[in-house]
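Following this line, the structures themselves.
What follows is chain A paired twice: with chain B in the first complex and chain C in the second.
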Partner chain A sequence: MKRDKKIIRLAKKLVELSKDNGVVTVARVGEVLAGLKQVQHRHHLTVLKSFLNYLHREIALQTAVVSTPGALSGEALKAIEVTYSKIYGRPVTAVIKQDTSLIAGVRVRVGDDLYDASLAGRLQRLAENVS
Partner chain B sequence: MKATFITLLLALSLPLGLVAAADAHATSLDSVAEVAELGAHPTAHEIAEHAEAVLKHSEAVAKAEGNKLTKIANKFGVTWPTLIAQMLNFCLVAFVLYKFAVKPIAATLDERQQKIADGLQYAEEMKTQLAEAERERAEKIKQAAIDAQKILTESREQSKEMIEQKTQEAAAQAEAIIRKASEATELERQKMLSDVRQEVARLVVATSSKVLSRDLSDSEKQTFSDSAAKELAGTAS
Partner chain C sequence: MSSIVEQIENEIASFQASAVKSNTGKIVSIADGVAKLEGLSGAMYNEMIDFGQGVYGIALNLEEDEVGCVILGDYSKLKEGDEATTTGKLLSVPVGMGLLGRVVDAIGNPIDGKGPINSTETYPVDQIAPGIIPRKSVDQPMQTGIMSIDSMIPIGRGQRELIIGDRSTGKTTIAIDTIINQAKINNQHRNEDGTFPEGFRPVYSIYVAIGQKNSNIARTIAVLEKAGAMEYTIIVSASAGDNPANQYIAPFAGASMGEFFMNNGMDALIVYDDLSKQAVAYRQISLILKRPSGREAYPGDVFYLHSRLLERSARVNEDNGNGSLTALPIIETQAGDVAAYIPTNVISITDGQVFLETDLFNQGIRPAVSVGLSVSRVGSAAQIKAIKKVAGKVKLQLAQFRELAAFAQFGSDLDAKTKAQLGRGARVVELFKQKAFNPIPVEVQSSLIYAVQNGYFDAIEVAKIVEATSSLRDFLETRGAKVMDTIRTEKAISDATEAALKTSLAEWVAGFSA
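After this line comes the complex of A and B, so read on.
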């Protein structure tokens, strides 16, 4: 248990080291991995797994997955990036994901937060309110 | 018994006493007759002389009487030694009879009389006790009847109260059952309505989704998506 806590703490520090101006970059991650390779920690594999896990979480927090059934204008995408960067206080990059089940509109996911402005979501909420 | 014996002795000696009394009475009658022969207003001297004469006469009469008694006794063969011996014999026989016959018989009779008296007293006491027992029995029967009546009345009241209580409980239970059934029916109805609403909403949503997916053009969808993205950006900021 004590060992797990130490590994978790180390993984979190490695994630912090992987950021450049608050944003995880490929270059910094490469440097961190190179450093880990040189150090050769006793629980190398466990540290790497934990680092990867926290890295995914950090990337998810810095990415706004915009689900939409069709194309979206660049202007709308930019507005989403600016707005959510301001809200979370860190640079957020918007990524478009096709989802035809939404019928029309958009659904944005940032980390564990979900913002829904799709037609399917509205109909679903309407149905829930009726029942 | 003792008293009877004494009475017998007295009866035997009574004739001698009567004879002596008759003689004394005759003498006194003679003296009275002589006093009556005096004048209407005698003087003291005459009275004294007369009293002295009477005294002398009395002495003479007494002497003559003694002679008369002696003559009678001699005539009947009564002499002092025989009389005394007979009296002694009589007393001895009387004593023996009293000591060995009369006294035990008297004791036996007294004892028997005492027993009879005790028996009578015992019978009287028993009679009293019987009467008392009869009275107590009657009182107890009366009291028992009163108690029985009281118990019967209490039992009737209790049974009446119990019946009333049970009736009320049954009514309350029936009311509770009816209320629960009504509530269950209402819940069932509400659930059915909710299910119907959910089903209708699901059908409406599914139908609307299909209709919108089929009828909306790509440009319309993009326009809606852009406006939705701007709306999200505006709402979030």
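After this line comes the complex of A and C, so read on.
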């Protein structure tokens, strides 16, 4: 896909319009899509693809994907949400993802940032330091 | 084995259950050693990026949504969608005395099969050059062992002297000769226990091979080993087969290794062979990164690429260890065009240049140093008195000789003075012919030039001067050893030494003529 600066700028603006109090909401996204359909941009499909791409990024920034090999209590999940909301200064929703390769502990991903407190990660770092 | 157990025990002792934060990104595209990554929002300029599987890269382009990264090493295993992590570190290479005698790649990994490098210290490859305050003027000579250079274009410790010329004109040979000469001087002064006497400053060498054939690098190593110079030398190799990122980074890695010696009060010599190929590698990286191109398609910052590298060579003052890093960058010209982009850039950055001419090389004048176009801007301050005394007028004499020789072609009737000038000039040209990898000690150089200047060669046919020079050199190194020792230690030709030298020369003339 060719990167057009104008389209990128438009897609980013659309993402901003999709936010309500700094959080992307389904209702706002629906409104933005309806508006886009009305306007019928010359590169409608490209704009949509770019919008989807930046929307994914924005959602990733608002979501803490908690990978863990076992189950996690609701309280723990809540505590994670509170902690990361405080760190990033915006509301962060926690989502659980099961990953048995971690052996034990948790790994949390918020956007590009990865917080690793898993045993597998610990062992990997140990191996790197020893070799 | 016990050290590994110890390391594991230390790790367990320092175990903390806290989370480790890293910043990640995904490869969007990868081609020709350059990867574009999505994410990595926390990446810093020039930061090392970990691609996993032992592959690292350097973040060179930080854009709004993407990070452009050059990959060091084998990138064939990487694919679109692979994850990369920031490391929070700048690219660093091992430095220290343990590197001497070793051949390493652009990031300091050994490639000579002699096991791991014995080094505990690392330096970042891209460091800021010493400022104005820690610097000192060049005042100590860096003897190349090449008579034409040491007498007419002297190089000082901490100087940057460009070696420039077309292909196959002997550029590398001059650099190798200089490295061999440093090793010879070091060995001459070394005590039996391997230490050096107080007051003597050994010179360690770093040879950075950029974009060269592996066979050429192997030949260079063989020459250095044969001459016993490898034990004082580090070879950094980024051959033509290496990816452009390695060719771009190799000179910086070499400079870091050299800076270790300078920062620790020692003297080092670094040869960049050659910077034209580094510029080409940098151009390739820049074009793939879609940076705007300028003259000859080089990016706008190609001047800064070379200036920031060569500024790292310096002579620092006593307060900063009194060390030095001398640079001999090499530039290959195309058809003698010194006005091309990269040659003019590097000429303006360096403190002088040794220009080698194809015509002279083909005429058999080797090293093919063009006296008219070569210059050393600061080195004369570092020349020892012995050489200064005898070689002060050589450059002028040679220039006059070339002018007279050009005029003499048109007429046969010449006065005695002109004939004598032509004869002397022709003999000096012959005197400066020197075999490759055969550096001449400075005391012998000064005596040989003294002999020509004072007419000891006048009776010898021009065609026999090379033979005579070789004979006189042997004579001076054997029967004249005492005089040579005096010149070496005194670094000057006193009246008494001059008298002794005259006697030796007269003895040699009698023997040679007979």
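Simple rule for what comes next: the second predicted complex is superposed on the first by the 128 of 131 C-alpha atoms of A that agree within 3 Å, B and C clash if a C-alpha of one lies under 4 Å from a C-alpha of the other, contacts with A are read in each partner's own complex, and residues count from 1 in each chain.
Just so it is clear, a residue touches a chain if its C-beta (ideal position, glycine included) is under 8 Å from a C-beta of that chain, and two chains touch if they have at least 3 such contacts.
Worth saying up front: this structure is predicted, and the values here are computed from it rather than measured.
Looking at the shared chain after the overlay, A:80 reaches chain B, while chain C stays out of its contact range. Contacts of A:130 after superposition on the shared chain: both chain B and chain C are touched. Touch counts on chain A: comparing chain C and chain B, the chain ahead is B. In the superposition on chain A, contact of A:114 is made with chain C only, not with chain B. In the superposition on chain A, A:103 makes contact with chain B only, while chain C stays out of contact range.
In the superposition on chain A, A:72 makes contact with chain B only, not with chain C. Applying the stated contact rule after C-alpha superposition, one finds that A:39 touches neither chain B nor chain C. In the superposition on chain A, the residues of chain A contacted by chain B and by chain C overlap at 108, 115, 117, 126, 130.
By the touch rule above, chain C contacts chain A in their complex via residues 4, 7-8, 11, 15, 17-25, 39-42, 65, 85. Residues 66, 68-73, 75-77, 79-80, 82-84, 86-87, 100, 103-106, 108, 115, 117-120, 123-124, 126-128, 130-131 of chain A touch chain B in their complex. Touching chain C in their complex are the following residues of chain A: 8, 108-109, 111-117, 121-122, 125-126, 129-130.
Across the complex, chain B meets chain A through its residues 194, 197-198, 200-202, 204-205, 208-209, 212-213, 216, 218, 220-222, 224-226, 228-234, 236-237.
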